[in-house]
Structures are given as structure tokens and as C-alpha cells.
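Per-chain residue numbering starts at 1, and chain names A, B, C, D, E and F are given in the order in which the chains are listed.
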Amino acid sequence: MADLLPEIDVVADDPFNSDPNDPEMMSDAVRDRKNNGETLPIAKAKVIMVDLPLGATEDRVCGTIDIEKALSEGVKAFEPGLLAKANRGILYVDEVNLLDDHLVDVLLDSAASGWNTVEREGISIRHPARFVLVGSGNPEEGELRPQLLDRFGMSVEVRTVKDPEQRVEVVEQRSAFDANPQEFMVKCQAEQDALQARLVAAQQLLPSVALDYDTRVQISQVCSELDIDGLRGDLVANRAAKALAAYDGRTEVSVEDLAQVIGLCLRHRLRKDPLETVDSGLKVQKTFCRVFGLPEPESEKAMAIANGRR
Amino acid sequence: MADLLPEIDVVADDPFNSDPNDPEMMSDAVRDRKNNGETLPIAKAKVIMVDLPLGATEDRVCGTIDIEKALSEGVKAFEPGLLAKANRGILYVDEVNLLDDHLVDVLLDSAASGWNTVEREGISIRHPARFVLVGSGNPEEGELRPQLLDRFGMSVEVRTVKDPEQRVEVVEQRSAFDANPQEFMVKCQAEQDALQARLVAAQQLLPSVALDYDTRVQISQVCSELDIDGLRGDLVANRAAKALAAYDGRTEVSVEDLAQVIGLCLRHRLRKDPLETVDSGLKVQKTFCRVFGLPEPESEKAMAIANGRR
Amino acid sequence: MADLLPEIDVVADDPFNSDPNDPEMMSDAVRDRKNNGETLPIAKAKVIMVDLPLGATEDRVCGTIDIEKALSEGVKAFEPGLLAKANRGILYVDEVNLLDDHLVDVLLDSAASGWNTVEREGISIRHPARFVLVGSGNPEEGELRPQLLDRFGMSVEVRTVKDPEQRVEVVEQRSAFDANPQEFMVKCQAEQDALQARLVAAQQLLPSVALDYDTRVQISQVCSELDIDGLRGDLVANRAAKALAAYDGRTEVSVEDLAQVIGLCLRHRLRKDPLETVDSGLKVQKTFCRVFGLPEPESEKAMAIANGRR
Amino acid sequence: MADLLPEIDVVADDPFNSDPNDPEMMSDAVRDRKNNGETLPIAKAKVIMVDLPLGATEDRVCGTIDIEKALSEGVKAFEPGLLAKANRGILYVDEVNLLDDHLVDVLLDSAASGWNTVEREGISIRHPARFVLVGSGNPEEGELRPQLLDRFGMSVEVRTVKDPEQRVEVVEQRSAFDANPQEFMVKCQAEQDALQARLVAAQQLLPSVALDYDTRVQISQVCSELDIDGLRGDLVANRAAKALAAYDGRTEVSVEDLAQVIGLCLRHRLRKDPLETVDSGLKVQKTFCRVFGLPEPESEKAMAIANGRR
Amino acid sequence: MADLLPEIDVVADDPFNSDPNDPEMMSDAVRDRKNNGETLPIAKAKVIMVDLPLGATEDRVCGTIDIEKALSEGVKAFEPGLLAKANRGILYVDEVNLLDDHLVDVLLDSAASGWNTVEREGISIRHPARFVLVGSGNPEEGELRPQLLDRFGMSVEVRTVKDPEQRVEVVEQRSAFDANPQEFMVKCQAEQDALQARLVAAQQLLPSVALDYDTRVQISQVCSELDIDGLRGDLVANRAAKALAAYDGRTEVSVEDLAQVIGLCLRHRLRKDPLETVDSGLKVQKTFCRVFGLPEPESEKAMAIANGRR
Amino acid sequence: MADLLPEIDVVADDPFNSDPNDPEMMSDAVRDRKNNGETLPIAKAKVIMVDLPLGATEDRVCGTIDIEKALSEGVKAFEPGLLAKANRGILYVDEVNLLDDHLVDVLLDSAASGWNTVEREGISIRHPARFVLVGSGNPEEGELRPQLLDRFGMSVEVRTVKDPEQRVEVVEQRSAFDANPQEFMVKCQAEQDALQARLVAAQQLLPSVALDYDTRVQISQVCSELDIDGLRGDLVANRAAKALAAYDGRTEVSVEDLAQVIGLCLRHRLRKDPLETVDSGLKVQKTFCRVFGLPEPESEKAMAIANGRR
């Protein structure tokens, strides 16, 4: 996934991927250097995707302070962790619903403040830790804690394809990759390049995409009728619809854009009602159609749309 | 929130924000200096608002003693923690109902005595730790321990706005802030300045605000009829009503002032009765109206008042 | 509370408040000095009241041994804890029913033996730890362990006053104290002094107070009929009645004295019977009246007496 | 209790109270010295009674090895614990039913082998740890683990006296002791001396006390009919009856002796049957009477006997 | 089992069994040497089978970093663990269903990434850890965690033989082995050699084995109808059928090959349905027969096939 | 028990009781010496019986590595534990059903592999740990974990004798032992010597004892009909019957031999069926009689046989 994103400017010799232009995205050391009038060396870097393994220790995630070094040499000897590496990148957690409570607290603190603070015996270090959090997991094996669930902007439900021919196709691709990974990569390169170009174009178009006031009110009405807590759902739906329009090269958000993203943005924010038999994606879609004056979709198709298939 | 408060006088080089005039609000070191006839350097400081993260260690909250340094150099080497920083300021705990029991004990000890005591291997340090405790949390995820709940003077129940247009407005402000935080801040400055001026005026007016004896008896009667344990409820209701009058520039507390604050001061102090179907805010309001000889409010409106909306 | 008590003689430079006359109340070091013929320096000291915070560590309560110092300098380097400080004084535990089991064990061991023993890696230190244990707590939040409950001589049930005017009075005193603590203290001084004088007189009168044999048998009969385990209840009732007579300046214990204290001494010693609907204080009072041939009190008034209001 | 026992011979300078004559009761160091032909210095010592506090650490009970000393000086630097002190004496555990599982394991290991073994980082020390285990506790607060219960030879059920005059007498003695402990002790001395003389005489007579075969078979029949596991009950009943005869200055065990002790020896060994309404002491007594051809006692009196009152 | 496999080429002096030709299967140190143009020494090594004991510590499994050495000598002092030893070999876990959760996490992380990463105080080491995971256990004593279960390609249900004569035969072989292990081994050698030769031939034939498109679609249809999550089942069934054909010396996969392996590949992937009375192996077999147009087997025989008996 | 066994040859100065002839029973150090052509010093040693106390630490059981010594002197400084001491001997665990899970894992690992492996910070030591595991315990206090239960070849149910005269006899022997242990030992010596001679003779006769094929099939049929998991039951029954024949001086196993041992070997291997009312020993005996064509025994007598009384 990270391969598709364009490169970003970083301070060349900084372990936190500090942004050379935005002081809010600089580590303390870099900001000091800039304030001292130093010209920061700039490098291009790929947007990094960092894996957070389930068994990771807090030290590995947050980084550690080498007290002995700090005391003997008088410098703040910080060994950066995964959160430093993930700054301005993507932090991926597989089986996120099985993540240790302690690490969830760490993620919540970082996500809330955008900073990672490590303290040990009175020495304190902080660095920016802003990342896109991507998680996957099997909900049957345990639920996400509500605070963490709320931090996810969008959610997709992935099911295994049922169609045998499609399965064979996937198996073939996997077998091809296993047999000769490098050849397989070369074959995909053109497709990947086209996709990246499209994403870059969309990024540049995004500031020009408009979403008119009435539509925004309708979005908020959908959220309100679904009794969604907080306004993060409204915010994310606005942004996602704009992003989709930009991806399609348009500067106007259409109702179809919204229909595509509304379920992804809202379905995981519905309160669980144990007596409810309707799928939560379908419920979002129905409310959406009613508010926007669209005919109510048949369940089957609505489900497909709710899960983001075009 | 802390931006609205006027600056205070602190001892310039003291990590505990000691008050240069009140010996009860000085750290031991500062008091010793004063007693030795030293003229304390005074500085203006903003009232600080300190975040207490859920994952904080006790060391980070209370501070630590560097034993080695203490032993080798013969000085009390104390590294102040969040409680020192919060002295004479605001201590904010998000998700306060999820706070670790051990930290709750620490908060209760500090709140009861106004001092934070740290002991390690026979060395003991204490410093003043008086702070306004502000907490937020989702009561559905766990209840506050009764002792801690009792320490909160007032409580507000915050619900997400339902009205779509209001939601859009909030989303717009947030988007504006995200797009350009500094520009957004500048725009708000005038409004903030006016509000701060009003607060300063209210602070100066407060000692002149009167609350007549009969009203005070009526307040205590409300508390007594609601079977509220202890007298903290009475005290807080008196103070809150006076503060509201001062905020409005008046020196007399009106019954309307009381109607505004009585629910905020008392509703979280009611005993939970599992068979009770009446909202506790409404119950406070009804008792208030009966004692003060007011017509009993309709539920809907009373709820609004109980939650402090004017 | 400690302000009311007269000063006591202590060995001047001893951290355990050793009694200069009673070898049983001396620390080992002081007794050694006395046995070596040294004249002990005597000082007057206020009876100290020590707070035992819920979050206290065992080290802070019992004191610690500095092993390194002990090994390197060959001396027993003991850093006294709260139990040392509380010797011959009052140890106060707020929320005593929430006290950690481990600390309860420590209290029980000290209360049983009158000594605190600290051991670390083969080095052992002990010092006298005799204190009046005062605890408070909300029984709804958890019960005391039976062994600890049994250590309390008397118990009072404190309820919040219901009468609004009394509430206002308390609130006013509190507000006055908050506004100007020192002025408030000065105002109370005369009352405090009178009370202290009366207590000193009572202490001197106490050895002369008589309690005749028949009354003592009747007290024991009350305890026996109430099926109270052990004889601590008998002992405490005898002592409390004598103390009350002395406080009133009499040398004869009256039946009224006993009626005053019997409930405070016995009510917490009754076995809990889940089917019992009678309040345990009332039950004590009724048995008392029957044994002493008094008319059985009406419930309301008996309750008031049972709770020690005159 | 320990005051009543005659003094014993110990090796003068040995922390384990080694017996100068019995190699099985010597510490390794003492045995080595004896084997090297050294003449052991002998001292008289009182039989010691050691308190095992509930909160004791395993180090304090078993003793500790000072590894650093052991490594640096090449000697086994063992700091003896309570088990060493209790060797050849009495180990008393108050609230024995609340004793930590870990300490119970330690007691069971020592009681089974008669030795205490301490190991730390490959260094191993053992010393004899034979003691009379005396425990007390309130069975309502928790039961003893079956293995530990089985280790107690006899058990007495202690109830508070009901008779008011007896209560007053105890209270008086306690008050006398509290008022002037030393005077109280002097008064008791004669009585104590007479009791000790009688015990010494009984100890000397004990080897001559006979218990005929038929009676022993009857004892075992009682045990067998009561379905008592193991033979410890038989053994203890034999010994206790002989001891009682010796205490009375007789060399023949009478049926009355057995009636006195049988309940104390067996009642705690009965299996708990939740449907059983008969008191276990009474059940022992009834079986005893049936086997020995005595008239079945009335319940009341049997209970008294079962509890060892003469 | 490992005795049957042919030897592999490894870098001679490398604790991770690095493949001298495949950079993806090299440790970092070896790859560095290769990149520096060094000619790697090659050795033949048996495919190793590593036992992972239940009681293993994480250090023993993952290896440890000697921090002191690392700091003092400036080299990465890594002591490889069982995962290093198992690289390119077989990792066997007996009682795999009782494996500690922490070790399961370690296995899952290694199995997912093919690398083992060890971090300690800021020093990080990784090495390839690709192994065939073989587990055994009694499902009655606990189930495998779903994620780990999913990592097993195939599963066999082993039951104790019922036939007495077969039991005697096994007992005889075991007794023969116990009596003289070396003689027993010599006797088996010829049989083992023949089997190894056949396996080597099958390994060479495997790339030439074909599986036509229609059959692959049918396999995926079986998986789809059985509602199997993910595509690992399809992949494994394809590979297992090809391997069986190669083992039989054929280059075409027959329906019989598939019938043999389909149960082993799929039965542990079925969702547990508590109301289902049909054995899961039989269910796989029935679906297989229906999709492939074969007559449905009788239960008894199908079970035998499902468990892989020919 | 260990007194009855003949002495064995061990390497004289080896803490692991290495067998001087069998390389599989040698510690690594001894094997190295042998491989270097050294002549191993041989000593006779009694078969040792090692007690494993419940409270033993893992260090005490497995032994420890002295890291400092290992690092500073460059040698593997291993301090052997109980498993080393028990090699080629008997390991006895009292209350085996209360053994800590962690120690059970250690026993299982040793019992499965015959080796004890100790690892600490990258240093690894292993030594042979083959021992006869003897356990005792009261099944009412907790069950054995199935894996450990399976490791016990035979099990006996011991009940307290009911017959009073037998009880007296045991009590007498115990009293005699307590009164004078050494005299008691001397008296038993002749009996012990005769028993040992018989055991030595049986050991020499054992290889000649035959068990014909048909009988072995019948044994396996009994196991199969009883639905016993695995073949350990078959193996143990074969061995036990042969051992009993050898003990009786015969070289042919009789059906009576089998009747004696079959229950001891199999009864603890039956699956627990909560609805089963038949004693498991009786069930084994009944199946045995049916398979071997014997008349089914009456319950009472069968029980006696099942428990191994002759």
C-alpha cells in the first residue's frame, strides 16, 4: 500500500521524519537547529508503513532512554521506537482487536496528542507521532475497545470471495508470486505506476473539491438520525467524499460519491443493539437514502455498496 | 480553557509555582528562603492546564527522587512530576473513569491534603499540590469511584448536538482549524479577550457578592431533602451561585442563578437508586422548585436547565 | 483532635518518642543508654496525630533499613516510618475499610504486640509502636476485616445532619475557615483551651473513679446476652464509663454514664445477622435496659443515645 | 505457656538450639564440631515460644543466605530465621487459618522432614526444625487446609465464657495486669511454679505409664468407626491419654483419661459432612462410649467433656 | 521424520542455516559478507527438527542479546535461540494446544513475516526464521487459538488402534527398541533409505506435476461451499494433491489424489457449529464428492479416507 | 524403599550418577572424558531416592548456572539440582496433585526426553535425568493433570486399614520407631536383607521371563475394550506381569500374575465418566476376566485384587 504514495520531504538525518517546513511536525532537536538558523538538509523519502506486532514491548513501540548514557555523557540518549518510525507514515496493526490493553493506551495517547512522550527516572523526551492508523482483525475473536474504534476514520468488512473462479485466480497469483516474487513484481509495476500517478493528481486536486452547504447539512442529518456520538463521523464523511471526487478527477462531490463512502465512515460508529437484526451497513445506507430522497435500495445491492464495491 | 484565566504571581525560579505571598502555597525550599529573609523573585505566569494521561506512571505523576544524587551530593534531588506542575493550576484527566486505581489513590491523597508527598528509601519530599481537577469520560464505560466522584464540585452531562445545521457549523470550525490553525486562532482572539476581561472583573467582584441567610437555608434544605451525604454539595452550590452572579456583574444572587447551578452541583451526589426512573438532574430541579416555592418545571425544559443551558 | 491533649514527656532526641520513665515504652537504643547509666534528655511534646494514607507503601509505614549503610558502617541504619512517629500518639486512617490487606496485617501485628519489627536480609530492628488507632470510612464501600474491627474499642456512626439551619451553620464555619484560616483558629482558641483543661482534670481524676462489682457483673451480662465474642467489649465498656464519669468530674460511674457509652462500645461487636431487622445500636440499648431494670426506650430516642448524643 | 516448661540443654553458642547429645537434633556445624572431637559447650535454655506473624516473609521464617558474603569470604553466611529459633521449642501462629499458602507450604515441608532447607543460587543450608506447632484462629473466617489441619495433634474449641461473674473476674485480672504488669506477675509466680513442678514430675513419670493392649484396640476401633484417615489419630490419642495419666501422677491410663482426650484428638479429623447436624465433638464422644461400653452421655455434658473441661 | 529428508546446502559457519544462494534466506551477516564479495563456505546439513518444549522461555525460543558484551565490545552479541536453529527446518511443538499465549504470539509473528526480531534496550537483531511447523496435542485438553490453527496447512486426527494384534505389534517394536536401540535402528535402515530415495525423486518431479484449470475451480468450489475463510485452504489442497501425485511418480493429479488430501487440508478450517452432528472430515468428503460428481461415500469408509488412510 | 535396591555402578566423581558403560546415561563432561580415552573411576552407589518438596523453586529442581563464574572463569559453572541428583534413581513427590504447574511442566519435559536442560542468558547445560517417578497424594484435594497422570506406569489406591488390631500393630511399630529409631532399624534388617536378595534375583531372572503371543494379544484386547488412549497401558502391563513372575522366581507369566497387576496398570488410564457408578478398578477386572475367559469375580473380592492385595 505504501508503494502507491508519492515521496515526501523529510529532514535528511532525523529519525523522526521531521517535516523541514512545518514546525509542528518537527522533533525538538530539529526545531532547535532551525531556530538556530541552521539550514536543514532535505531528503525525499517514501511514506513508510510500520508493522506493530502484537507481541511488541512498550519499549519497542515508544522507544527507550539510555539512562546510563544520559547520565555519563550528559546527553539525552533516546533510542527511537516504532512510533518515531511511523511519524508521517502509516502504522499497521494486524489483529488489532487482540492488541494488549497497555499498547492500546499508548496508541490512544499518541493519537490524541500527536506526540509520543517517553519518561524514565525524571528524564523526559517527546517527539511528533502523527500517523495514519490502519488495523485489521477478525471481529469474532474479540471486539475493539470503544475509544480505539472511534479513532478509526473508516472501516471495511472484508469477506472471502465465494466465486470458485475468482478464488482460483487469487490462488494463481499467489502461486506465481511464491514461485518467482521478482518476476511477479515487475509485471505489476505498470499498473502500480498508473495508480500512483492518479493518486498524486487527486492529492493536488483535493483542495479545489467543493461540497455544498445543503449536502453537508444532509450528511450531518444522517449522522444525527443514526444517533452517532461525537462529530468525527460527520468530519470523516465530508473528507472521504471529497477524496473520492478528487480520485475521479472531479471538483464537485456527487451524491454517488457519498453513497459510496457513507457506510464505510459510519457503520462502525453505530451503537450495538443486541436486538437489532438489520446489518449496520444496511441501516446506514437506508438512512442515507431517506435523507437524500433516494429510493431505498434492495438489501442485497445496498450491502454491496455499503461495503464499498462499485 | 486555561487561556481565559488571568496570569498569577509565582516565584520566578520555582518548579512548584509557589505563591510569593501565601506561605501555605509555598514549597519548603521557597519558604526556607523567605524565612531566611531572601527577597523572592516574582514572575507572572499563565494558569497552567496539565494533562494527566491514562498511561502515566506514578513516578511521572508524583515526581521522583534521585537517590544516588541525594546520597552522593547530600542534596534532596527531586525531579518534579505532573502534580508539581499542576499546583495552582488545572489538572485535566480525560477518560477519568478509566483511571488506574493507584493513580486515583494518589489524586485522593493530594486532593485531601493539598500536598504531594514522595518517599523513597527513607528520604521524604513534599510540595503543595492544589489544583482544580477537571475530568471527562463516558459513563457507559465505567463509573467513577465514589470517593473521587465526591471530589468533583460540579458535573455537566455533555451530549452530541442533534441539529444537523449546528453539526455542520462545528465541523466547519474544526475544518477551518485543521486547514490553518494559526489563522483560526487569530480570528478567535477578540472573543477570547472579551471573555477573559469579563472573568477578571467577576473575580474582583466575587468577594462583594451576597447570599442571604434564608436562601442559604433553602439550599441546605434542598440538599437535605435529596439526602445528599456530607456538606460539600451545600458549599459548592453557595459558591457557584455567587460566581454566576459575579459573572453577570451583579452583587446579589438571584433565584435564577441558583436554578442555573443547583443541578450541576448536586446531580452527581444523589445516591443511585436502581428502581428510580426519574433522571437525577430532573429530580434535583423538582426539589429545588418545591423548596423555593416555584412552579414545578415541565420535564423537557427542566432537563435543559439542569444541564446548564441558559 | 490532637490539639486537645496535654503534652507528654519524651526522650528529647529519640525518633520513637520513648517514654523517659517506662522501659516498656523505650526503643532499644534508649533503653541501652539508660542501662548504661546515661541521664536521658527529656522534652515536652504534643501528642502527635499521624495520618496513614491509603496509598502508603509498607516501607513508609514500617520504616526501612539502609542495608548498604548498615554493612559499610556497621551500624543499624534504620529510617523510622509512620508507626515510629505514631508511637504514644494517634494513628488516623481515613477510609480504613479500603486499606490494603497488607497494611492491615501490619497494623494487626503492631496492635497485637505493641512493637513494630522490620527485617531485611537478616538485619532486624524493632521499636515500640503503641498508638490509639482512629479510623473513619463509609461502610457502604466495603466492610472492615473482622480482626481489625475487633481492635477498635468504640465506634460511632456519623450521619450528615438533616436540619437545614444546622447545615448552613457548618457551611458558614467552613467558609469562614477557608476565607481566613488563622483568624478562625484564634476565635476557637478559648473554647479549645477550656476543653483541654477539662480533659487534663479528667485524666488526673480517672484513677479515683470507682465502678462497683454489681454494675460490672451487669455489664458483662449485657455482653454475654448479646453473644459478644471475647471480653474486649466488657473491658472497653468499663473503661469508657469511668472516663465519662471523670470527664464530668465525678468519681462514681452512674447508670447514665453506661447508657451513654454502652452502644458505642458494643454495637460493632455484634454478629451480623442478615435476617435481623433491628438496628444493632438499638439492640444493645434494649438489652442494656433490660439487664439494668430500666424501662425500654422508644426506638427514636434510643437511637439517639446509642449514637452518643447527649 | 513456655514459662511452664523446664529448661533444656542446648549447645551454648548455636543459633539452632542444637541438642548436645542427640546427633539428629544438631545443626551440621555442631555435628561437624562433635565429629572433630570438640567438647561442645552446654547451656541451659528455656523452651522458646516463637510467634510467626501473618505478614512474615519467607526470608524471615526460613532465614536467608548472604550470597555476597558467601562468595567473597568463602563461608556459608546463613542468617537464621524463625524456624531456626523455634527448633526444639514451640511455634505459635495466631490466625493460622489466614496464613499465606506459601508459608503453609514451608510449615508442611518442615513438619514432614524435621529440617528446614534454604537454597539460594546454588548454595544450600539445612538445619533441624522440630517444633511443637500451636495455632489459633476463628474458623468462621476461613478453614485450614486439610494437610495442615492433619498436622495438629489435638484441637480445642474455645468459646467466650457466658457467665457474667466469670467475665468480670477475667476483666479484673486483665485490668490488674494492665495497671501493673510486674506486680501481677509476682502474684502468679507461686501458682506457676507449682504447675511447672507437676509438669516436670509428669515428664519423668511418662515412660512408666502403661496402656493395655485391649484399650489400644478399642481406641483404634473408635478411630476406625469414625472413618478417620491415617493413623495419626490413634497415635495421638494413645500419647495424650498417657500424658494425662502422668500429669495425675498415675502409671495406668484410665477410661476417664481417654474420655477426656479422645474428643480433642479426633474431632478435627472427622470428614466434614454438610448434611450432618450432630456436632463432631459429640459424635466422637458417642462412638467412644459405644465402643467402651459406657452409657451414652447426654448431649450437654458430652459437649463439655468433648471440649476438655473436667 | 527429519531423517527422511535429503540434505540441504547451508553456509558452513552460520548459526541460522543461511541458504548460500537465496538472499531472502540469509542472515544479515551472511548477506553482508556476500555483498562484500566474499565466497561463502558451503556445507551439507540435514534438515533439522527442533523441539519446542512447553516450558521454554521466550529467551530460549527467540535468542538473547548480551547487552554488556554489545556495549563493551561494540559488536552485536546475539546468542541464537530455537527459532534460529529451526530456520529452513522443522519446528515441532508437542501439546501445541497448551502452548503459552506469549509463545504463540512469537510463533505467529515469525510465521507471518518469516523473520525473528529480537530487541533489547534499543539494540535490534533479526534473522530469517522459516520453518515447517508441526504440532501435536490432545484436543480434549484445550483448543488451538484460531490464528495458530489457521497456520497449519494440514491436520490429521490420530486415534489409538483398536485391533489387539496391531497393538501387540507396536508394543513389540517399542520393546525391541527399548531393549537395544542401535540394533533396531540398523534393521529399519533399508526401509528408511528406500523412503528417502522416493521422497528425493518426488521433490524433483514436483515442478512437472500439472493440475488442470477445471479441477482447480472445483477445488475452490469445495472450499467456497464449505464456507472456508481465506484462500489458504485452496492453496494447500492444490499443493498437497500435486505432492501426492509426485510421490506416486505421476505428473498428473488424479481425482483420487484429491480425495486423499482434501480432508486433511480442509477439515480443521471448518467453522465449529455446536449443533452439527456430522463429523467435519465426513462433511468435507461429502462436499468433495458432490462437486466432483462422485457417488457419496458411505460414512465409515469416507471417514477412513478423510483421515488419510489409503 | 530405596534401601531394598542393589547398588549400581556410577562414575565416581560425577554429580549426575553417570553410568560408566552406557554413553546415553552419561553427562556431557563424562562422555567427553571417555571419548578422550580417560579411564573413568567407578564407584558403587545406592539407588538414591530424592524428595521433591512442594515449595521447591525451579532453580532447586533443575539446578542453576552461575553466570558470573561462567563469564569470569570461562567455564560452565553449573550447580546441579534435584533432577541431577535423581538421575538413575527415584524421584518422590508427596502431594503430587498439588504440585505447581510450572514444576509439572519441568517434570514432563524431563520425563519425555530423559534430559534436563537449563538455559540462562545464552549459556545452555544439559544432563541426563532419567528417574522412576513416584508420587502420592489425596485425590480429593485435586486431580493430576492428564499428561502427568499418563506418565505414571502403575497406580495404587491406599486406604487406611479399618481393622482395629491392625491399626494397633502399625501404631506400635511407629511408637517403637519413635522411641528408639536405631534399635528398630536393626530389628528390621534381616527382613530387609532377604527382600533385597529376592529383588536382585528377580532382576537377574527378568530377561528370561516369557510372555506368549496369545496372552499379549489378550492384554491389548483388554486395553482396547477399555478404550485406553495410547499404548503405554499395554507396555506397562506386559512389563509388570513379567516382573511379578520374576519376583516369584518363575520364567513363565501366569494369568494370576496378570490378574494381580492389570488393575494397577490400567485403572488410572480409564476415561472419567461422570455417570459411571462402577469403580474403575472393578471395571478393569471385569473386562480382564471376560477377555481371559475367567468367571467374573464378585465385586468385593475383585476390588481387593484390583488394589493389589494378594
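Rule of thumb we're sticking to: contacts are C-beta pairs under 8 Å (C-beta built on N, C-alpha and C of every residue); 3 or more make two chains touch, one makes a residue touch a chain.
Worth saying up front: this structure is predicted, and the values here are computed from it rather than measured.
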Chains touching both chain D and chain E, listed by label: F
Shared interface numbering between chain D and chain C [over half = same, under half = different]: different
Superposition of chain A upon chain F: rotation angle, C-alpha, nearest 5 degrees: 120
Centroid distance [mean C-alpha coordinates] between chain E and chain A, Å: 35
Chain centre separation (chain C, chain E; CA means) in Å: 71
Rounded Å distance between chain A and chain C, as computed from the means of their C-alpha atoms: 61
Chain-level touch network, classified as line, ring, star, complete or other: ring
Round-the-ring chain order [start: chain E; next: chain F]: E, F, D, C, B, A
Footprint of chain B on chain A - complex, ascending: 24, 102, 105-106, 108-109, 112-113, 117, 119, 121-122, 146-147, 213, 216-221, 223-224, 228-231, 234-235, 238
Residue numbers on chain B that touch chain A, as the complex places them: 51, 53-55, 57, 59-60, 63-64, 66, 79, 94-95, 138, 141, 160-165, 167-168, 170-172, 174-175, 181
